[in-house]
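Shown next, in structure tokens, is the structure this report addresses.
Labels A, B and C are assigned to the chains in the order they are written; within every chain, residues are numbered from 1.
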Amino acid sequence: MPMRIGADPFKDRVEKGLNDAFMRNSVRSAQERLYGKRLDAAEELGSWEDWRNLGEEIRSHTLENLDYYLYELSEKMEENGGHVYFAKTAEDANHYIQEVVKRKNGKKIIKSKSMVTEEISMNEALESLGCEVIESDLGEYILQIDDHDPPSHIVVPALHKNKSQIRDVFKEKLGYLNTDKPEELTLFAREKLREEFLSADIGITGCNFAVAESGTITLVTNEGNARLATTLPQTQITVMGMERIVPTWEELDVMISLLSRSAVGQKLTTYVTALTGPKATLEGDGPEEFHLVIVDNGRSNMIGTKFQEALHCIRCAACINVCPVYRHVGGHGYGSIYPGPIGAVISPLLGGYEEYGELPFASTLCAACTDACPVKIPLHELLNKHRKKMIEGKGLTAEKIAMRGFQYGTTLPILYQVGTKLAPFLSLPFQTNGFLTKGPGPLKAWTTIRDMPAPNNERFRDWFQKRQKEDLGE
Amino acid sequence: MNVSLFITCLGDIFYPNVGKSVVEVLERLGCEVDFPYSQTCCGQPAYNSGYHGETREAARRMINTFENSSYVVGPSGSCVAMFSEYEELFHNEPEMQRKARSLKERSYEFTQFLVDVLNVTNVGASFNATATYHKSCHMTRLLGVNDAPEALLSEVDGLSYRKLPNCENCCGFGGTFSVKMEAISKEMVDEKINNIQSTGADLLIGADSGCLMNIGGRINRLQKPVKVMHIAEVLTQREVK
Amino acid sequence: MSEQILNRESFLSSLAQKLGRSTPKTVEIPKWKHQPQWEVLKNTSQDELVTVFKKQCETIHTDVIETEKEQLADVIKERIEAYNGNSISTWNDKRFDQYGIFSKTEAMIHAWDPRMKDNVNVAEQADIGITFCDLALAESGTVVLFSNEEQGRSVSLLPTTYIALVPKSLIVPRMSQAARIIHHRNKAGEFPATCVNFISGPSNSADIEMNLVVGVHGPIKTTYIIISDL
């Protein structure tokens, strides 16, 4: 699945989301649950602001020295007996992965959850070789079985589906016979997937954080699927976005503590698995061959720009879980596998304004995201920077002319005086009971859903001036 | 204490009564209020739409307008928070940057000024109503004004206060967002209104004209039995029980 | 450059260029201005750490039993029976014999054996996996496992039930202390294991309507046995 999901234009996607009552209900309840859990986890820890400051410090130091740490990581990885491939583009990455799979004569591939492999359309590349690629994260598995329904959240990918929809999918595609109880559905998936794990040739994982000092990759899960995917198949391929790295184990601790708390409100997720190279010769399980694919795919365009901080993201989805726009539109509305505030920041950077230009405007800049971010990415400011960049790239538009007008209106007192003084009279035809219920221009969009107070005949400044004169007169 | 009133453009044109109430409360508390007439708009509508160049000149005007004020007080957290953005707009003009920083340091949202500078929470208001309060996003998150409004409201005699569920969620205003993305904005404001009604309150109090214009405009359209008031208007009430 | 590392030079030099400098030869990790991680459970006694550990286990759906070496064999027998375990997968760990841990149970014990081929299948067929832990974290109720040829990864993963033996002296406040130990061992050229697992209770998922379901790919039930005099 590529980064782009669905071919519909933005407005249609939004409308579809707004009309999907079930999806909105489940997003609402998920947001509320995760909001509470995250706050509890932060509060229980105490000095949460110190933790965030530390997280920010570590991320900015790491990104400022990214080339150095990637070098160190690859050196260590080689020492440990692993292979490292630096992929500039999605095609590079897929090509290398295809070559490894062909050489190992891989037929069945089991995956644990990975956003970057979605971003580069890796599954399709492997399926084109005739391989069977099986997603093992429960949410991803459900989506895959349901004819590749796209994910709508980066941590809870099937958030938009309800249990009876899931039961129907299992029934239709896999012959499931039980009820829609989550316990029964989960047990069924466990048994199905256990068979797949045991017979898979190759395990493919993402990477939450690589540790440069020891050449380690770490995987953070609750289900244990990443452990299975790295324990049973003989070959392991790990695909990581190039920014997902920390200098040493000490920083790993901090980042994982922040991630677990921010993503799911846990002190630690059930499993944190740290893999350092292939298994030792005498070990009875673990991969014999280990490949790490480090992916750029547009990320380096952010380096050295005002958007570099977007690379600090640790994919916890805390911003998504507090976003009031995501709450109503849902993940698919964003048209990208990266939804919500962070998605609205990075999708245009990775995929361009042509495809994702609307996203930075789909925000009230309420800053809930910025407040929630465990590494203090100023998300709402970055959204505004996108707006600025897009506007500077455009020629003279009606809006630009209006904004010039605004500039003159606010800087030339005489214009402000006349404009605001005239407003009550100009709006007179549209007034009912002190409110405007329809009107031209922006007023039209405003009044499609709400009324507008009518401009007052006496502005505050007129009142104040009059009062001052009266005072002086006394 | 001398205070310069920053009325905000919405306050000047649409909500003069809010400004009058601010003057009344401040004067009652012994402040000398002046109103620099050269003020216009803080520039936020342009700034948040990405027109940073156009904003700069509005910013320059506001900085000069309030250059000699010891305190600048405005009845809208969002507009006061906009002053914090000025410094970055003048990255090529160190002198203006210094002035921008100075303006930021002297500026307060109305309730913030009462509680943090004047150290007052009881202004002697009394008002019989069942009310809830809408926390504005910019005021809480960008300006860091969290508890002042509720502290003031808790001292209003006769006011029965109900906490608003999901009060941290934006009302859907967002400046030009409200007209550019009106379909999403509508869902946001409708959820907000449902939450307000779920408290049983017959009065919604806010401290930011933008939010109140949005929520109030929708309440008016839907003919919901909820009155909307700015906190300054509530604090001038002297109802006898 | 070896064949084990491909495309590195061009990739990194383009990053260096965007960072506006050449790749540094060494980078000093700064002394972080904020270090709240060392304040958590600071100056907490070992007994208090046990209390915190046990409390957290309630949250993560894990049973905890505290015992002494002497009673260990009885506790193990009781637990295995409670889980209806007939077949047990374990590490090849001399402490099992040393403390006579399996001296009372009648279940079949299969120790991990690097000379055998079917360790994984045996573990997959076993009802219960039992291992010691190499460290434990009080704050998160976590056991830390280092894998090697005697200590298979599968033992704590494939059986439906997992029992971890936790020597009390190995409990540290939180992940920070464990990470520091690993960091120092790495610096000393003694990296502890090809696979380090931090395990906090049974596997679970909330992928269906955000309902927590305990037991997905890994174990469905978990018990920790704290050995207070080890």
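In this section, contacts are C-beta pairs under 8 Å (C-beta built on N, C-alpha and C of every residue); 3 or more make two chains touch, one makes a residue touch a chain.
Quick caveat: nothing in here was measured; it's all calculated off a predicted structure.
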Problem - Pair of chains joined by the greatest number of C-beta pairs in contact - result: A-C
Practice task
Could you work out which chain's C-alpha centre is the most distant one from the centre of subunit B?
Solution key: C
Practice task
With chain centres taken as the means of their Cα atoms, state the distance from subunit A to subunit B in Å.
Solution key: 32
Exercise for the section: Report the inter-chain centroid distance for subunit A and subunit C in whole angstrom, where each centroid is the mean of the CA atoms. Expected result: 30
Problem - Geometric centre distance via CA averages, subunit C-subunit B, whole Å - result: 53
Handout entry: Of all residues in subunit A, those that touch subunit B in their complex
Key = 11, 14-15, 18, 32, 35, 322, 324-325, 327-329, 361-368, 370-371, 384, 386-392, 399-400, 403-404, 406-407, 409-411, 413, 416, 420, 423, 435, 437, 442, 445-446, 448-456, 458-461, 463-465
Exercise for the section: Under the touch definition given earlier, write down the residues of subunit C that touch subunit A in their complex. Expected result: 2, 4-8, 10-16, 18-20, 23-24, 27, 29-30, 32-37, 39-40, 56, 60, 112-114, 116, 119-120, 124, 137, 139-142, 147-149, 152-154, 157, 174-176, 178-180, 182-183, 186-187, 191, 193-211, 213, 215-219
Handout entry: Partner subunit C, residues of subunit A touching it in the complex
Key = 26, 29-30, 33, 45-47, 50-51, 53-54, 57-58, 61, 64-71, 74-75, 77-78, 80, 82-88, 92, 96, 136-139, 142, 156-159, 162-163, 166, 182-183, 185-187, 189-190, 193-194, 197-198, 213-214, 222-225, 227-228, 230-232, 242, 247-254, 256-257, 264, 266-280, 282-286, 294, 296, 300, 303-304
Handout entry: Footprint of subunit A on subunit B - complex, ascending
Key = 5, 7, 9, 11-16, 19-20, 23, 35, 37-38, 40-41, 43, 45-52, 54-55, 57-58, 60-61, 137-138, 141-142, 166, 168-170, 172-189, 191, 213-214, 216-218, 220-221
